[in-house]
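Below, subunit A partners subunit B and then partners subunit C, in two separate complexes.
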Partner chain A sequence: MTAVIETSKLSKWYGNVLGLSDVSLEIEPGVTGLLGPNGAGKSTFLKLITGQIRPSIGTVRIFDQKVQNNQALFSRIGFCPENDSFYEEMTGWIFLTSLLRLQGFSPAEIRSRAEEALDIVELSADKDRLIRAYSRGMRQRLKFAQAIAHDPEVIILDEPMSGLDPLGKRKLIRLIKAYKERGKTVIVSSHVLPEIEALTRTIILIHQGKVFAKGDIHYIRDLIESHPHMVSIRCPDPRGLAGQFLGEDYVLKVHFGPDGRSVLVETNNRDKFFAVLLSLIVKSRREVEEITSPDDNLQAVFDYLVGK
Partner chain B sequence: MTIREKGYMHWDGQLKERRFPWAPITWLGIRLAFKKKYFRFIIFSSFVPAVVFLVGIYISERIEDFQYMLRGNKQMLEVNPAYFKAYLSSDFLLFMMVMILVVSGAGLISDDLKHNSLQLYFARPLSKGSYLIGKANVIVFFLLLLTLVPGLLFVFFKLLFAGNFGFLAAYPWLPLSVIGYSLFVTGFFCAYTLLLSSLSKNRRYVSILIFAVYLFSDILFGFFYENYKKPAFALLSLKENLQQVGAWFFRLKPAHDVPWYWSLLILLAFGVAAAVVMNKRVRGVEVVK
Partner chain C sequence: MKLTPPAAVRSFLGSVRRVFTVFFRQGRKARRTRFFFLLSFIPVAVSLVIKFNQIFSGKPGREGDFLFTNLIMLFYLQMIILILALFYGTSVCSEEVEGKTLPYLITRPVPKAAVVLGKYAAYTAVMIGMVTLGLVFSFIVLNLDRLLDPSLYGQLGRYLGVLILGLMAYGAFFTFFGSSLKRSIFFGLLFSFGWENVIQYFPGSTQRLAIAHYLKSFLPAASPGRFSFLTFRLEPTRPGLALLMLFAITAAFLTLACLFFSKKEYSLED
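On to the complex of A and B.
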């Protein structure tokens, strides 16, 4: 698959402060989650790929075109900033149509696109109200509407779910996933892990201005050898099951759950452990209620890599 | 079908460049200005001198009919370059221009800074240059409406009322002076307003600044000139500088015995300062160092 966004040795300093360091990566179509704690460099990365700031070193290319001073390229990009960027005394309709006018659409097209975008974010009924009177969630949806109204190929969303209620979040997640299905490239930045986890398995983890990891969450987890994998097994006889593994060199620790019905095994060879576990279950006809990997998720990956 | 199954056709089409990307910004600025009631009042009041001067041109061609009104003050209605300069650099017109800037120009950049809108503008097919041209054109539109349009109409009506081209034959360079001075005043006020507007996020503060700098420079000139009687103090006043340069455009003797190019340099310095400050202040994002 061809990369839509390519960065090469991308670095940015703000005076003596490092914003981003030596970021070389390729982002393919689909949803990519940009993760990192506050101040990690996520916003700097987004500002660099949207051409709002110049890199100190390195290059950014979108659709194989340079971003800096290439205004025409921005007709194919939708950007939803983190902070509010509204004229409070404008109505939602005027705000949206004014921005669409900058894209060079005809008046009829501006109207139809604005109506469609407001419809998607369910703001049609409130389009003639002043933005001043909008709730936080409505403002967030309006920001999203302006990012998608011109039907861009690349949608860049900086903390798009902050301020949304759970229902609004669910709707937005559905909407973003629909864009993925249409072959768009969506980059979503967030420091709220469950939001990203609900959207995608492909992440870029940024911390202290550097890319710590990029790719599928589970693939990244497998690469973290310094932390053994945890496997939790719920069964009627956890102690009997644990006894089967005690002599194995790939099992590092065994804990029992407080309910007395589960065993937590730490292993440095997950594949081998699962192979043995499955054959054990089949051969000795052990009853097993649930097998989970509590650290094979975004939170664990994040914690391991960021060092929390 | 997921994206991985569907694949992706890499886009290799031509990106469209707009011819006038600044036009929507100008249009929005003009529309927002006309929405204000007091702005409409100010702009229509600003046309009063133009109407008066136009009537003057008419009377100058029918001088015998209006003899009883003039009572020997015929030279007041002599339509010549000084007449045009009297209109284009009159205290009242310059004051009204400043009022227009206060109402319609103060928020041009400061509102965008306040509302953090620059990041949305620059995430679209719009360069910083186009953005600034769009903003400047809002001022250009209003100021040329008060300078260039009446100036050229005066020439046109003078010829129309006279019924011959004698006036143009006597002053063939006058239309160029009108165009040149109108553009110069407009250009200066553009730089002046955008410079001050980009200094603050508070539109009210910028409004006060636009008015106060203009007025205070004139008060300063008045104070020093009255006390020391030195014409060089005219360089302290924006209004006097504009009038000095205006005298050069219309081939007249400047009101103060100071070379006109000193005034020109001072006014051009505002343009340079505006370019430097706007380059620093007008950014998609605030860069905190």
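On to the complex of A and C.
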């Protein structure tokens, strides 16, 4: 398959601080997960390939074209930024139609594309509300909508699932997979392994500004298996939930959150833990608000992988 | 695909127009516009107070056009257009950086220079709208008894032109501030109420270092009176040259702002 995005010796320094070092990659159509702890260089990489910043050394090419100041290329790229920032005084509809106007579409096309994008992210009913009145999940979905509204061939999503509830995450995962089926190239960054795992098998591991590994997620998972894994579960009855795990040999430690609404479980068998957790939730009809892997977990995995 | 020069210019102007359309709407609807709209109506309130005082005191007082030139116009020139241009001009670039909305614009098929020029044009149009309304109302209130005199409208047109030139020049200057400085409002205030308000009264050619000098060159020569100190001008620049200077200032600072915005990598984390 032909590479859509190619980087060669891509490096970026912010003064004396290294953002990215010597990254040479080829990214093909489909979903590619960019995985790394906070501050690893994921956002720097995404800003470089979307032409927001210039490389200190090296090159980026998309569809075999240079990216910097290549406005024609930008109409083929959709970018969802990490920051939760908007023109707060706009409604969702105005926000989307304004950005579509900048793409150069006709008024009729702007309307139909905005309607379609809002429909996809299920925000049609709230399109006339001010963005500042949107919930975090709605804002995330609106950010995604602006990235896909112009039907780009390359979709770049920087931490798109942060702030979404489990249901929202599942919907977004389904959406991203649908774009993969349509032959699009999607890059998704995250510091949460299960999020990436749910999306794709192709991942790029990035750490301290360097690409640590690229390839099939199972390779990474095999490395990670033997390393203890932390899972945070937010629910109304964390003690009741924890009680059902305490006897299991794959559960190493259990901590409770200070607010009394979360439990942090350390396990050495992620797959088994999640399988049991999900069946417990379904069988006992337990209400669960959030399941996350804390940041330091992935950091610990990386430290483990790099042999610290 | 390489664009031929005319096609490239057309494409660039098309981008400027699209940015203008988006931000003219946003500028009109913004909360701060409501606030500044009220601010730009302070001279109308002052005009009403003067007019009511004239009517109810029964004293003739100064003529409407004298008051308009020496009080209302200077109020606009030395305060309102400076404040408007400062807040709207600096926000052209800095609101995108501080609001972290920059990625939405710079990942679109729109050149960065078109973003600056389109937003500048949109915000200048919003400011002109606000100032025009206030100026026309003040003018009508102060000249209620002479509204049928056609020469008055020529005068109004000239004053309006001066304010528009002022908004353009100061707006461009502060757009450059916003693109290049972090605390652009602070430095803009220093410039507006420090440099501009002092330098314009310096004798000799020093006063030509203030934008206000060129704007005041279009006003009628100061006549002796209570407000004459406000129009103190030692060496007014000829109107043609003043116009040229104002256009040059506008073009130069807009070019610099475009260059800064295109080259600088803004940190959204600050």
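Observations
We take it that the second predicted complex is superposed on the first by the 219 of 308 C-alpha atoms of A that agree within 3 Å, B and C clash if a C-alpha of one lies under 4 Å from a C-alpha of the other, contacts with A are read in each partner's own complex, and residues count from 1 in each chain.
Please note the rule applied: contacts are C-beta pairs under 8 Å (C-beta built on N, C-alpha and C of every residue); 3 or more make two chains touch, one makes a residue touch a chain.
This structure is a prediction, so every number in the text was calculated from the model and none was measured.
Taken together through their common subunit A, the two structures put subunit B and subunit C in a clash. After overlaying the two complexes on the shared chain, residue contacts for A:R170 are found with neither subunit B nor subunit C.
Here subunit B and subunit C are compared by how many residues of subunit A each touches, and B touches more. In the superposition on chain A, A:N69 makes contact with both subunit B and subunit C. By the touch criterion defined above, A:R54 lies against subunit C but remains apart from subunit B after alignment on the C-alpha atoms of chain A. When both complexes are overlaid on chain A, the residue A:G104 reaches subunit B and subunit C alike. In the superposition on chain A, A:F79 contacts both subunit B and subunit C. Of the two partner chains, subunit B is the only one touched by A:E153; subunit C is not. The superposed model puts subunit B in the path of subunit C at one of 43-51, 61-69, 223-231 or 241-249, which is 241-249.
The interface of subunit A with subunit B overlaps its interface with subunit C at residues 14, 50-53, 69, 71-75, 77, 79, 81, 83, 85-88, 98-99, 101-104, 146. By the touch criterion given at the top, residues 14, 50-54, 69, 71-75, 77, 79, 81, 83, 85-90, 94, 98-99, 101-104, 146 of subunit A touch subunit C in their complex. Of all the residues in subunit C, the ones that touch subunit A in their complex are 1, 14-15, 18-19, 21-22, 25-26, 29-31, 99-111, 265, 267-268. Of all residues in subunit B, only 1-4, 6-12, 15-18, 21, 24-25, 27-28, 111, 115-117, 119-127, 130, 283-285, 287-289 touch subunit A in the complex they form. Contact residues of subunit A toward subunit B in the complex are 1-2, 4, 14-15, 17, 28-30, 47, 50-53, 63-65, 69-79, 81, 83-88, 98-99, 101-104, 146, 153, 180-181, 183.
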